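Take a look at this one; I'll ask things after.
Labels for the chains are A, B and C, by order of writing; each one numbers its residues from 1.
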């Protein structure tokens, strides 16, 4: 099932090794331990501090949860396809391992430079994983239709654009987006959707029979779903301020997700003609509550507000899968394999809007001295809360702009016929890039043998 | 395979959306951030405290482990059935997402009220997950024989009864039960067993061929088992006092489980006529050591004591699966799909007894000033240690009473023919409530085609 | 498929129960809570300390990650075989549950004695899990060819040898090996390889058709791989000093693994004749970066250095699978089922060498006051850094010596024909020690029935 065009023998080793060597050289030239990971510097600091004040103890458990979401969560969520499990988990693994190194450099370049060096520690590791998350969302849109080389090239460009967008939002515009409704979800989704639009395959229906699940692949995908669901509170709270902020963000996300799940089950049964639940909805829409709490989660959204947000997100997401996705595919030619528009796109935009509104109504009365953690410019009196809301809204527009424009350009770069992408009739198929073992058991072949024998007996 | 009676098109959306809307309204009216999640209040407190004293850092890692047990652990443990994986993980997900919200309200009503409001934070989140655990244990007893609507109704009532029982035990009687041998395991098991007794199906044997595992479903179930096993130390220690208490409880549970595992393997081989290990025992009985350490785990049980408890729990559990379950089914008409009596019922009672004995022999010499954390009433001199033991024993009796009586009433409520429960011959089957994808691969159908062709050739 | 020789009815219960009873007695006689788990002692200490200084909060999250690696990571990594999933997860579970108890005693005997008693807490729990890791590495070498009784006997001896070797390295020689490149990986691998050499089966090819994966078994194995990969930063940092040391070690390992992954994908495609990725490489070689950062990870290796180490480790590991393993099997008669030589053996040796070099070049300028945490004898002025390097190198030689000699002796003990090992033609097969459920679904049998009927019709 391999021919010269899709043979990775030289292309994949070349890109992997060249990229890694460049990364290593750049790390050697630019990257240093920060004050909390450097032996000398931390011990100078701890003359006034104690070891338990090291940021490691505040953030490492959250980091590990985020790490699980990136590698197990995204990786297994995409194993729902019947013959694409190796690629789903395996390419997820490859591009994430690349993206987190590259993101360390790009994000460090924009907001971690100290005297010409990038300082790194657990917070930069979380940020690198976050950026990787955006790449994996885009991967979901093009899943099954791309070569690993193409995916690495996509990651190469997307990480740069992510860092630029993140810099504009958080540093230039002063927006808040701790859980990345805008920077991660909206950006990753609309970037990926634009890429898949540019890479439109009119004859993809030739691979249609593989673009669906089987019983066990749906169970593997549920591993991904459940891990994403469980650890989303850690995701949204991972880089918020110490103390009440991490605590509150985790709790808001927890209730948003719980409400989202009930909405998802309800809507899934309601929109099915026979009342049967659809695994696609459960695997995806139940997570929309985490996406939609990504911006406002750290704010005083209240559990009540979080649950409303989650309920809306789940509703929008199921309706998107049911009614909008077919339209996007037929009319706009957007072939969105995992439905990232429904899980990350619309809920991300919803989250950005909720964030803008919640910011705009923030008052000193509600936040007290905690205002400085969440809205430092409002706390310092530089701006009104309502203007923080405007900043948030502008940030959404900027994100959509960069994602769509960036996706367009990168889409055309990825369209070059040099990456060994699969032909239209061999999409959603592991066998093209992986050594795939023989059929499960040999029962069928044994049966065939028996049958042939029987038939021969009859013949003679 | 769907007919009007089991069609969920209206019933499931109605109950999901109505319940969620009621929850949202009640949260809006009653629930507030506690001092550690509220921006203003925490910053008032931190004039005297540091961020690392926020309860989040003491308990959130434990919370996440508990969360994994609830959603992955229970969810996948029940995927052992060959055609019920979607429902096992999926209904587990649904009823847990509902129960944790409802439990926040019910538990808050009984022991989290401050000035008419329920204050919530990481500890209430853990408690909500604990209550959810009891509901999922009961789910194990009725697995495969209930509709999702029926399960939500069961959860609705069970959460209330759980909160009442928990209030009586912990607040009224002054019992200790940090890991829930009584409140979670004994209660959840005997409630569920009574429900399944009331819902007895004389013709369940019509679905017998699906009430068993296949090779891969047993492997999926092992994911659940291993996660439950690994994180049980976090479960039992999650809400114990800070410092030595959390530390000791985790360690006691670790050794109890290790000893339990060796007992389980030994007994499983011993009780099989051909010496072969039985996956049902490994998946379940190996966990009984965690259940049985649920009450005494926080006490000075010693690793030695913990291992004895674990060894006994594993032994009792395997023997229960082998000899008691068939009797319960045939004589008492208790159709206990997952054998929760063996994993949660008997080991829960064992744990309660161990807790009573360990409490009764507590001395100031052993506990020192730590007595105030574990037995505050003994430390304050209000009661003798022996009387604490009596309290524990009474608590077990109360728990059994409420579970059995509550299960009886709720069982009859669930027997009403309005929930779309599956008929006797379509139990243990996903297809009745889920869109199930076509057969794995199409090898069989291809083969059928080939065969038909061959046969036709012969015919002509 | 069971005969008297492999029947576990008496052997397995006997060894499980005898071992557990001995463990319980020894724990009763020798083991006590340490200062941080004992109610009285901790409360005496906390007159000067606060609860957040309890080691539980520094190490328990890392412990849980290590625990996941041991039980899920190793357990599922080995499920790649098509008919050995029950045994892979199940025997992993059994021998780990035994080894962690036994290791508590052996390690405590060598470096945890206080007044004739072994004091235990979260650090001893991590160390016990570490020792268990070495046993599971050896299990990987003999996977599919041993009975559970044989594995328990192997664990019994290996834990003792591990504790002796660890004592010589860390206490007698003063070497550093926080993540166990030497004590865990090199030791476990070469011990296991020697055992499998002694147990050489000339007719193993009779089971060759089962010594390979199927599609879903490779996906289950990826669960193991990804968990090991994600949590390796916690593994290497779990017992390093508080503060910068834990933080830095985790980060070094993170970058080592990321670089290793790109090298693995590149080399896997490069060494395949058709450019297709090989799951065996991805499942194993991508982890070599964690192994190779086991010794130097806590040192000031820098992310740059870590990435070079990871890149080399991945490269060596893939080349080992491709070119060295076949030679080892054919020429040296080492039947290494999981290829532990490539994942743990060579990368472990590489890690030891990197550790020796990194130690030798340590300077006060780079480490500052942090030198006391990493190289206490250098910090105190007792030795030069270069001599620390010599200590590390000697430690590698000692480890190899004890592993090879110990493996030889234990191999001959395990060769005794009393353990019920499987015959050559029933290796890699669950059915010999487990009740295995009927075939997945009954589609084939239904089909057979249909076919027979058809054939009969034709016949008549």
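FYI, a residue touches a chain if its C-beta (ideal position, glycine included) is under 8 Å from a C-beta of that chain, and two chains touch if they have at least 3 such contacts.
Just so it is clear, the model here is predicted, and its values are computed rather than measured.
Overlaying the C-alpha trace of chain A on that of chain C calls for a turn of 120°, given as a multiple of 5. Two copies of one chain, chain B and chain C, form a contact in which under half of the residue numbers belong to both partners. One simple way to say how far apart two chains are is to compare their mean CA positions; for chain B and chain C this gives 31 Å. Counting partner chains per residue, chain C has residues 52, 57, 61, 216, 223, 439, 444, 447, 451, 455, 458 touching two or more of them.
For chain C in complex with chain B, the touching residues are 2, 7-17, 19-20, 23-24, 27-28, 31-33, 36-44, 46, 51-52, 54-57, 60-61, 64, 67-68, 71-72, 75-76, 79, 85-86, 89-90, 93-94, 97-98, 100-101, 120-122, 125, 148, 216, 220, 223, 433-444, 447, 450-451, 454-455, 458.
Remark: chain A residues 52-53, 57-58, 61, 65, 82, 209, 212-216, 218-219, 222-223, 226-227, 229-231, 234, 242-248, 250-251, 254-255, 257-259, 261-263, 265-267, 269-270, 272-279, 282, 286, 300, 302-304, 307-308, 311, 365-371, 373-374, 439, 444, 447-448, 451, 455, 458-459 touch chain B in the complex.
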